[in-house]
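Labels A, B and C are assigned to the chains in the order they are written; within every chain, residues are numbered from 1.
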Amino acid sequence: MTEIFGIPTAALFGQLLLGLVNGSFYAILSLGLAVIFGMLNIVNFAHGALYMTGAFFAWMLLNYAGINYWYALILAPAAVGLIGVLIEKTMLRWLHQLDHLYGLLLTFGLALLLEGVFREFYGSSGMPYELPAVFRGAFDVGFMMLPKYRAWVVVVSLFLCLFTWYVIEKTKLGAYLRAGTENPNLVKAFGINVPLMVTLTYAFGVGLAGLAGVMAAPIYQVSPLMGSNIIIVVFAVVVIGGMGSILGSIITGIALGLIEGLTKVFYAEISSTVVFIIMAIVLMVRPAGLFGREK
Amino acid sequence: MKRKLLSVAIAAALAFGVPITQAQQGKLSGDVVKIGVLTDMSGVYADYGGPGAVAAARLAVQDFGGKIFGKNIEVVNADHQNKPDIAKNVTQQWFDRDGVDMTVENLNSAVALTVQALGKEKNKITIVTGAATSRLTNEDCAPNTGIHYLMDTVALSNVVGKAIVKDGGDSWFFLTADYAFGHSLEKDTGEVVRANGGKVNGAVRHPLSTGDFSSFLLQAQSSGAKVVGLANAGGDTVNSIKAAAEFGLTKKQNLAALLMLVTDVHALGLNTAQGLYLTEGWYWDLNPETRAWADKFSKVMNGRKPNSNHAAVYSSTLHYLKAVQAAGTDDTAAVMARMRATPINDMFAKGGTLRPDGRMVHDMYLFQVKTPAESKGAWDYFKLKGTVSGAEAFRPLAQSTCAAIKK
Amino acid sequence: MNASRTLYLALLALLLAAPFVGYPIFLMKVLCFALFACAFNLLIGFTGLLSFGHAMFFGFAAYVSGHAAKVWGLTPELAILSGTVCAAGIGLVTGWLAVRRQGIYFAMVTLALAQMIYFVCVQAPFTYAEDGIQSIPRGKLLGLVDLKDDTTMYYVVMVIFIAAFALIYRIIHSPFGQVLKSIRENEPRALSLGYNVDRYKLLAFVLSGTLAGLAGATKAIAFGLATLTDVGWQMSGEVVLMTLLGGMGTLLGPVLGAAIIVTMQNYLANLGSLVSIVMGATFVVCVLLFRRGIVGEIAHRWGKKA
């Protein structure tokens, strides 16, 4: 067995790969959070719960309606997006003028509510989600077995992140969105329906979370607790990357996933805290975040 | 004037209250025998105990006749969600305010330790079936109130651990659930491995109810040990085994599920679980008696067959009720004395005895999971590989570290 | 002024008589959480800073206090003191880090720091992870008074609560408290008036954290358990809800909010998930329709009439 720094390469690359997979999820979720925060100035605590909802929808589609993973990839995020529309139109709308803390509190309450409802019906230990047959098995890359599905996850996440970044930063629609947050009245004067944009942005952000949930279903157990486990790490990622920056969230998410993977090899005990330690350091050195602009 | 009235009223209340409570002492406290089933109803151990345990307790009350000395027997239950603080809260209220006389089941190990300590403090009987930590009859024993009925980590390691080491698995790496049970199991199995000429390469701890075991299994793979010992239970064991299959761990290493029940095998499916060795204190398909009871159970549980924990809840509850009847009262000391004096002979165990340290000693069985070809249908999962007598499986009384029993 | 004095006296009488009508264990729980909520309110209600990680003070102090009583054999008042001192230390370090950001960022930083403490507690050997520290002895207060009796323990908790509450009262009504309120109302203006705003915020944060630690340390001794639940983010969320429901920025609001939430949890305890659902729904309703909280609404109506 070849070794680097006394650690067998199989272990090192294996953990790095797992870290990359985790990092992809961090990236998608923090991307959604950053989009929502950038446009609405709301910290969407419900993001984790909606990610969990997406996973549950996929599970329900498969187990109640026999609808497989591929359709679920489209249907579940759409459903979560619809829920997002509902939330924005009936609740978040009233909080625009208030202190942003209320948005955080409201979405926190929604997260508790969603988690409680799913726990009531499905217990807390998690349900298995059947992997689609084409993904079963692994590539034997010599130094480890790379499960096919995890490779797929990495590819899709990268694609999603780049796609979102491109839409927001490089297209006209994205320009409207960015203008709409900076100066809604001016943009309204141009005849653009700002409230509609806001609603759609929220729906898109949570739809991304829902999609992440569907992709997570075969890897992690579909459990009501999966959202809360991940959301706080994602918050830390967003603080490190800088709240307004989309590219920042993507890069930071992936980087942190990799760093987590590395710590698991060398010093496993701190792997769950390393994200927060980095956050503390970044706060001391660059309070606005690595890629952020002080808002 | 008002104050006088108030003090008269208080005096009257006391006057009536005191004799009423005294009258009960000959018979049943509160005029009823209340049994509390404390378990995990919806989390990682819900299949292990959960609704099945409640059903088993109710079956015991039913088979006993439903009444004792003409008074009712009540069964209450609560879900502690695997949190010791909720467990303590509920049990405290049960003992202080609701007049519960005995609590049974009490998985997981952290909960069991809390509940047994509480029972010791309040002088109420606590029967632990679903938890396995050997601390219950050693460092943290409560000989006057606590009973450890089913199996413990010593028995698990003595039966399964020894069998696997003898089979050639002489280097081990542990995947341990990071709480009392996991630690106990890792320690006790480690001792057995070393005592039989093997060595322990290392261990990694995971939080209770972990969904994704991939990174832990990678560490297990890189340890180079021949055997990866799963010092966890319930949903965690099921998920570890699934992840091991996904990562191809079983190609080069062997898995040892140190605590696995028939319900876990049901969740895994024979394709994944075949060939695994495990030990249980009871199996539904052992003999006509066990089969008959299993049928009764599955009628109230949607066709699911009972595991050894459910059978233990049934047997211990029945044993308790018989002891109350024989003692003529539900007073703790009298009932405990009866339970110790009477051997247990029912569908669960033959010749089972309750030791002074709280340990119920009974036979343990070594099983191997059948291949899909060998199984005739759902729940037909085990073939019996051997029976280990209680004396061999459990730690001898002389070696117990229970300070309270003066030897 | 007279009205509030009679109110406080009435409440004091209620507290003194309570163990004879209620279940002391339950009452102690209410008091510990009421103190926790009052400490939290010092930060959000009077300084305008939302900390989403207050459980780190509550839970870590509980662990330290429990460890001190069980392993080091300290008497209860020393154990509680050590827990409180640790909480103050954590408050200083985390506050210094968190104060560098404002508003929403501040909240997220406190949440993340609390989560870090949570994971430290999971790993640290002295906390026993999922088992928690169990069977913490109540010991003898000052080496003299045995606290095993629930009623005696209750009175000790009650004294601690009243002392801390009085302290908070003094802080609010002092010049320091006025500066805090001005920071809440308009931070730039306070800054322009020459106040070292960051230092005031840090001090408020440390005070709030210390008192929250006091609540946690007392809880560990009173209930004999310190577990991961005490340091979890759900606990942080609960204290926010208690304060929000009771009334942010009022003195008695958090007490009422704590009483309501603890009672509700007690009744719904067996029905696990229902607690989350009800709490979540309460959050949503409060934020949308009921932002002043119960006591806040009452004060508002009273004010209108007068």
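Simple rule for what comes next: a residue touches a chain if its C-beta (ideal position, glycine included) is under 8 Å from a C-beta of that chain, and two chains touch if they have at least 3 such contacts.
Source: prediction; values computed, not measured.
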In terms of CA centroids, furthest away from chain C sits chain B
Counting contacting C-beta pairs, the top-scoring chain pair is A-C
Note: chain C sits from chain B at a C-alpha centroid distance in Å of 37
Cα centre of chain A to Cα centre of chain C, whole Å, reads 32
Chain A to chain B, mean C-alpha position gap in Å, rounds to 40
Chain B touches at least 2 other chains through residues 41-42, 81
For chain A, residue numbers touching 2 or more other chains are 119
Each of the following residues of chain C touches two or more other chains, namely 122, 272-273
Counting only contacts in the complex, chain A reaches chain C at residues 43, 91, 94-95, 99-102, 104-106, 108-117, 119-120, 228, 232-233, 235-236, 238-239, 243, 269-270, 272-273, 275-277, 279-280, 283-284, 287
Listed in rising order, chain B residues that touch chain C in their complex are 41-42, 77-79, 81-86, 88-90, 92-93, 96-97, 109-110, 113-114, 117, 177-180, 207-208
As the complex stands, chain C meets chain A at residues 50, 52, 97-98, 100-101, 103-105, 107-109, 111-113, 115-116, 119-120, 122-123, 233-234, 237, 240-241, 244, 272-284, 286-288, 291
Counting only contacts in the complex, chain C reaches chain B at residues 23, 25, 122, 128-132, 134-135, 223-225, 227, 229-230, 266, 269-273
Residue set of chain A touching chain B in the complex reads 7-8, 10-11, 14-15, 18, 119, 123-126, 128, 138, 144-145, 147, 219-221, 223, 225-226, 261, 264, 268, 271
